[in-house]
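I have a structure here, written as structure tokens, and I will follow up with some questions on it.
The chains carry the letters A, B and C, assigned in the order they are written, with residues numbered from 1 in each.
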Amino acid sequence: MELIVQGIIKAFELIISFDPEVLGITWLSLKISGTATLISLFIGVSIGTAVALTNFYGKRLVISLINTGMGLPPVVVGLFVTILIWRNGPLGFLEILYTPSAMIIAQAIIATPIVMGISLAAIQNLPPNLRLQILSLGASRLQMVWVLIKEARLPLLAAVMAGFGGVISEVGASIMVGGNIKGYSRVLTTATVMETGKGNFDIAIALGIILLLLAFLVNLILTQIQQRQHPR
Amino acid sequence: MNSKNLIKIENIILQRGGATVLDIPEFQVPHGRILALIGPNGAGKSTLLLMLAGLLKPWQGKMYFQGEHIESRADLAMLRRNAAVVFQEPLLLNSSVYENVALGLKFRRLKNGEIRKSVQSALDYFGISQLAKRSAKTLSGGEAKRVSLARAFAIKPQIILLDEAFNSLDPPSRETIIDDLKEILEETKITAVLASHDREETLRLAQDVSVMNAGKIVQSGTTVEIFNQPDSEFVANFVGTESILEGIVNSTTDGHMVIAVNGKSIEAVGDYSVGQKVYCCLRPENVTVSNYTRGKISARNIYEAKVSKIIRQGFFYKLTLDCGFPLVAYITIPSCEDLGIAKGGAVIASFKATAVHVIRREK
Amino acid sequence: MKMFRNSKIIITLMIASLLFAFGTANVFAGKAAPKQKNIILATTTSTQDTGLLDVLIPLFEKETGYFVKTIAVGSGQAMAMGQKGEADVLLVHSPDAENKFIADGFGVNRQLVMHNDFVIVGPAVDPAKIKGTKSSAEALKLIANANVLFVSRGDNSGTHAKEKTLWKKADVTPVGQKWYQETGSGMGQTLNVAAEKKGYTLTDRGTYLSLKKNLGLDILVEGDSALLNIYHVIEVNVNKWPKVNVAGAKAFADFMVSKNTQKIIITFGVDKYGSPLFFPDAGKNVEDLGK
């Protein structure tokens, strides 16, 4: 218990003093996970919506695959990405192992199925005749899809928050493909693991608290957008 | 191509999942009139409606809109832009009433000023301008239905299609909305097709009726024709057995009306104003036949009639009488024999004023 | 059309931030670039955890313009990376494994850099009574006989390898015994477990010193020459793996044994702990180490 109090005090100190290393780590966490979430947003929402709105042979199978992808173990993703991009891997020529870009890629792979699966369900949950109604008012296919996405704004934003939550907190893939390099690919989660391994529990707890604060702030903003009701 | 028809289809066959959903050799939607598609569930009414709206993909057969053959996807899109559909559910978006009504206009990328004008007039038509800023999710059933109607009208379509649009409304809302819609359709002369399985709705709104069954059209004609002269047992069972008589209210006192029908007068209860065009609906069970010529009975409507047809129907006889207007009566077999009723014979037909169901025909 | 306009703004912002983040994610403090700029240094957690590399690496980078990716894993994993050609240069402290690594042809130019020593630490009450024992193997035997908890790293690190040689010397097989627990984690974590459970463990002096304040463990055995912890720098053999950054690896190795660096090593930690954490040995013979 005392340790937690120490941790809280430490977190306070680090934040107030604008400790540059901590600021750097925090900003990098936000950049990497934010970028990965944005990527997953584009890919996930578009494919999820497309699958929801089209009928094709094998649709159920595809949906099962997407839903399974939501539970991809991050550490396994990290392992596979590492093998792909290390020097002797097929993508080794890109030389992106142990870079923030690799972390973005791994996190995007983790987040995309989550966003995709929830978007799929969100669009499927709209009234079935809504699509026809919008088309009958003269919408082009693209306009129709846009209106449907806006109508499903609530669950779609939940999807984005789920994706972001999944990657801002993940550590296995980030350590493996990022290397936890000081000032370069070290983020809040990987730094927490390192400090714990070193035995610096107060710093580890402090970093954990900062991570929670960061996640809370981001989700606060997203929730505002999600819950914005039209004026009465 | 006949220019009095807005839409004409020929030899349409539509299959879905191995079953034939539509099989229509010929069908027209005339300009500026209100047509009802009636029939049991699964008859294909909604499917035909969606096809007329340009929402169903290519099929076998030909369809013409304003004389143009509808072939390619671009043609379908053009048809969609000229048609507006109102479904059973209001299907409003989670935004303000104004935004909802403006939706179709926004798709057409019109200027804000134009949009505002069209939206305003659509809202006025349906009497809901005061709801413009309200959130669509907070409306009552009737209000929401008016919004979806206003939304359809705002884009000034050539044809408006209503798919069981009034099913989910409570009776009072239903009545006012149908009245208002009828008035607006008459004023704007927009062609309308509605799918319905409610007879009163059909009577009140439609001028023409096509009866559908299992994907085929089994009878088409004016409303009165279909209701009074069904040409098959199926249609007869569907439209019911009431006699439908067209009349005009001559006088009204204290809830008691006198209606002129074909030169004769029918007394009924109700509260319509003088000059109102109405339908008088009367069930054959409520018509009594006798050979009394004098004396008082409580029935207000008594006529001399000639028997033009006698048909045995199961356990009774169905009599078609001519009183100056056509009337149908059901009489039991014993009564028929007792009274010695025969074709061509003269009888007295009577029915109570309270048995006459009066429906407004046009404003 | 307000509806579409707002959405367009949001989308543009999102795409812009995406490009910005992706673009800047890979920017490191730009230096003059040698041809193959990146060096992958596989090293042990002790060099990272003590903070020595945090001092040395920036100096090296500034001097040479290379960008060093320090991957701190155990010596075992570091050498595995070298074997796969996924590292350019190693800084490790596991002599037997290193010898095999060189013998198998994966590494070249193994150079002595520095040493420190291991110590055996434990609770002040010292239930196995090992305090002051001259021979570390002897002390381990006492612990085994007393059935007192011993916490091992169990992760094939240099420390773990040293520990295993000592057990062999003591003729004891600890694995599987009830008093022997393996954490599979780094030194700091392992020390904390030992402190928590009031057990003994083998640790490098540097890590112990940096954590001493909060631990509650005392140094009980030290000074035995068998407890010497010797660090070498090894360049990965480019003949086995053509993609290895040969120039970079050599530059780093040269840097580690250079006079300047060696001077920095001996001053590292003095103001904080009163004595250096590492003793520079470049150029010496291994047999001459220790006092």
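In this text, contacts are C-beta pairs under 8 Å (C-beta built on N, C-alpha and C of every residue); 3 or more make two chains touch, one makes a residue touch a chain.
No experiment lies behind these values; they were computed from the predicted model shown.
Across all inter-chain contacts, the pair with the most C-beta pairs is A-C. Relative to the whole-protein C-alpha centroid, the nearest chain centroid is that of A.
With centres taken as mean Cα positions, subunit C sits 32 Å from subunit A.
Computed centre separation for the pair subunit B/subunit C is 87 angstrom, with centres defined by C-alpha atoms.
If you average the CA atoms of subunit A and of subunit B, the two centres end up 55 Å from each other.
Within subunit A, the positions touching two or more other chains are listed as 150.
Of all residues in subunit B, those that touch two or more other chains are 95, 99.
Residue numbers of subunit C whose C-beta contacts span two or more other chains: 3-4.
Chain contact summary for the complex, subunit C toward subunit A: residues 3-4, 7, 14, 17-18, 21-22, 24-26, 28, 38, 40, 45, 48-49, 54, 57, 69-72, 84-86, 185-189, 191-192, 207, 210-211, 214-215, 241, 243.
Only residues 127, 129-130, 132-140, 143, 147, 150-151, 153, 229-232 of subunit A touch subunit B when the two sit together in their complex. Against subunit A, the residues of subunit B that register as touching in their complex are 50, 53-55, 77, 80-81, 83-85, 87, 89, 91, 93-96, 99, 103-104, 107-108, 133-136, 138, 151-152, 155, 161.
Taken together, the subunit A residues at the contact with subunit C in this complex read 31-32, 34-35, 38-39, 41, 86-88, 92, 95, 97-101, 104, 146, 150, 179-184, 194, 196-201.
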